[in-house]
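Both complexes shown next keep subunit A, but they swap its partner, so subunit B is in the first and subunit C is in the second.
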Partner chain A sequence: MPTKDEVFEKIQSSLVDALGVEEEEVQPEATLVGDLGAESIDFLDIAFRLEKAFNIKIPQGELFPEDILTDPQYVQDGKVTEAGLAELRKRMPFANLDNFTKNPVVQDLVNLMSVADLCRFVEGKLGVTE
Partner chain B sequence: MRWYWIDRFLEFESGRYAKAIKCISLAEEHLHDHFASYPMMPNSLVIEGMAQTGGLLVCEHNQFAEKVILAKVPKARFYCDALPGNTLVYTATLEYIKEEGAMVSCTSYRGETLHAEAEIVFAHLNDARVNSLFDPETFLRMMRLLGAFEVGHAPDGTRLKPPARLLGNSPHSDGNGQKHG
Partner chain C sequence: MRFAGKTALVTGGSRGIGRACVKRLAAEGARVAFVYQSNQAAAEALVQELQSAPAEVRPLQADVCDLARAHQIADLLFEEWKAIDVLVNSAGIVHDGLLGAMTAEQWQTVIAVNLGGTYNYCHAVTQPMMMQRRGSIVNLSSTAADFPSRGQANYAASKGGINGLTRALAKELAPRNVRVNAVAPGMIETDMSQAVRSLAGAQIKQIIPLKRIGQPEEVAAAVAFVASDEASYLTGQILHVDGGVSLGGY
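For the complex of A and B:
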């Protein structure tokens, strides 16, 4: 079982390879889209590298639940509804959604995902606690 | 000029890897300008050749059911020049294939010398609007032209064949264009 530091180091290395960024740019508070320049196709690449690095499986929609953001049941006028936010909290326990919930514009969700969120996602899948 | 940047498959193991050659000729027009005093194969077209090798590997593994497009090149390194008279051997190895896309790792060898390495990510398009842009038979024709069915093997070791569903409208009944009775 890796430690939290080891999880971060592997994620750092995966993001350097997937996004072509410098290692020092990949800090816990860095956002994938805003700070590291990730685009939608990069999430496929990142998911694969995490699968390989940690020997885990990441089904489509687990890291980033696009299905919620395109479901009229959960989205109205370009914003995620209360029911949608509840679903997001359930599906994304690793993500800090505090800022997003203040003005839940659909397009902003992907911009908020940070390196720390990725670390918590992997820690959750592996059961890392230390 | 046709957009073929490989000349022939040497090996094709479904779902695993494919190996193709690119023969560089001074007769190729793009070499006249790249560069006038030092004709060399443009690295971007080497990547395209690797992408064609790997892209057809992904297409075939999906039984030509997905629209496979080159989405990103996370890594590309070149170690020497490829010049007229050289033959490059591209090998594309399937790293992963998922519902949303696939990745291959590629090498290019000039004889015994490692010429280039690359990683290439492909996306599977599922937008109904692009259906008309990607005719599966186009890729099937390309596989035939490049001889993939002559050298290819399925995972169980049997000879590589086109999917039966694509043979219905085809003038050919097997992978090598041999028409049967």
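For the complex of A and C:
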């Protein structure tokens, strides 16, 4: 079982390879889209690299539940509804959604995902606690 | 030797155009794995024929409709070879009939093998090719996608689907230096086209500007070019290899 530091180091290395960024840029608070320049294809690449690095499977929608964001049941006028936010919290326990919930514009969700969120996601899958 | 040190996976590799592609890529130095469905004798004969090829030629039995098997094969090759440079999706079938008389099974089988099989192997190599930051996928389409004959609704739909898949995937994978193209053969002398050629007789040559049926090796030459680094700026294209049929007109 890796430690939290080891999880971070592997994620840092995966993001350097996937996004072509410098190691120093990959800090816990860095957002994947805004700070590291990730595009949609990069999320697929990142998921592939995490699967290899940690020998895990990441089913579609687990890291980024886009099905919620395209479901009229959870989205109205381009914003995620209360029911949608509840579903997101359930499906993304690793993500800090505090800022997003203030103005839950659908397109903004992807912009909020940070390196720390990724670390918590992997730690959750592996059961890492320290 | 455009493919020296390169690796290639070819579906439908034991017969027809796929077989010609295996031979061409192997002759140009690639390590080639080819998928065949059931004709083990043909697969073994091909391996035997390519014994003196510069690199390994490996037959793998699979039903291209089986996505899990496609992933198993891609994972195996990536693990052993450390790269999959080229994928050629050549597995295909025909089951012609006028639509009004076409059974659901006729429709679904052709779509599942031709289009579904292409999806399965594209899906399986996406991860390795994205991670290795290079790759070339060549899907075998057909002139029938744009110029279908009567009785080919299922086949034409499957090949039209391949063209769409090719263009869309080309856009998706271009940022990762993975090229996706299609080669669209016209009337080629293979077992698969035997029935059509027999029915049409000598007339068929009259509608081909080059006035002859093409050979599988001529398609394989185009596939090899598109797959090679010589075509490094080519992606999302459908290259017609049809003696001029797709020019239309008189």
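Definition applied: the second predicted complex is superposed on the first by the 130 of 130 C-alpha atoms of A that agree within 3 Å, B and C clash if a C-alpha of one lies under 4 Å from a C-alpha of the other, contacts with A are read in each partner's own complex, and residues count from 1 in each chain.
Keep in mind that, in the parts below, contacts are C-beta pairs under 8 Å (C-beta built on N, C-alpha and C of every residue); 3 or more make two chains touch, one makes a residue touch a chain.
Small disclaimer: the values here were computed from a predicted structure and weren't measured.
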Fit-or-clash call for subunit B and subunit C when the two complexes are aligned on subunit A: clash
Touching partner for A:1 - first (subunit B), second (subunit C), both, neither: neither
More subunit A residues in contact - subunit B or subunit C: B
Partner chain in contact with A:41 - subunit B first, subunit C second, else both or neither: both
Which of subunit B and subunit C A:60 touches, first, second, both or neither: first
Contact residues common to both interfaces of subunit A (with subunit B and with subunit C): 39, 41, 44-45, 48, 52
Subunit A to subunit C touching residues, read off their complex: 39, 41, 44-45, 48-49, 52
Subunit A contact footprint on subunit B (complex, rising order): 71-72, 74-75, 95-96, 98-101, 103, 121, 123
Subunit B partner contacts - residues on subunit A that touch it in the complex: 17-20, 39, 41-42, 44-45, 47-48, 51-52, 60
Partner subunit A, residues of subunit C touching it in the complex: 126-127, 130-131, 172-173, 175-176
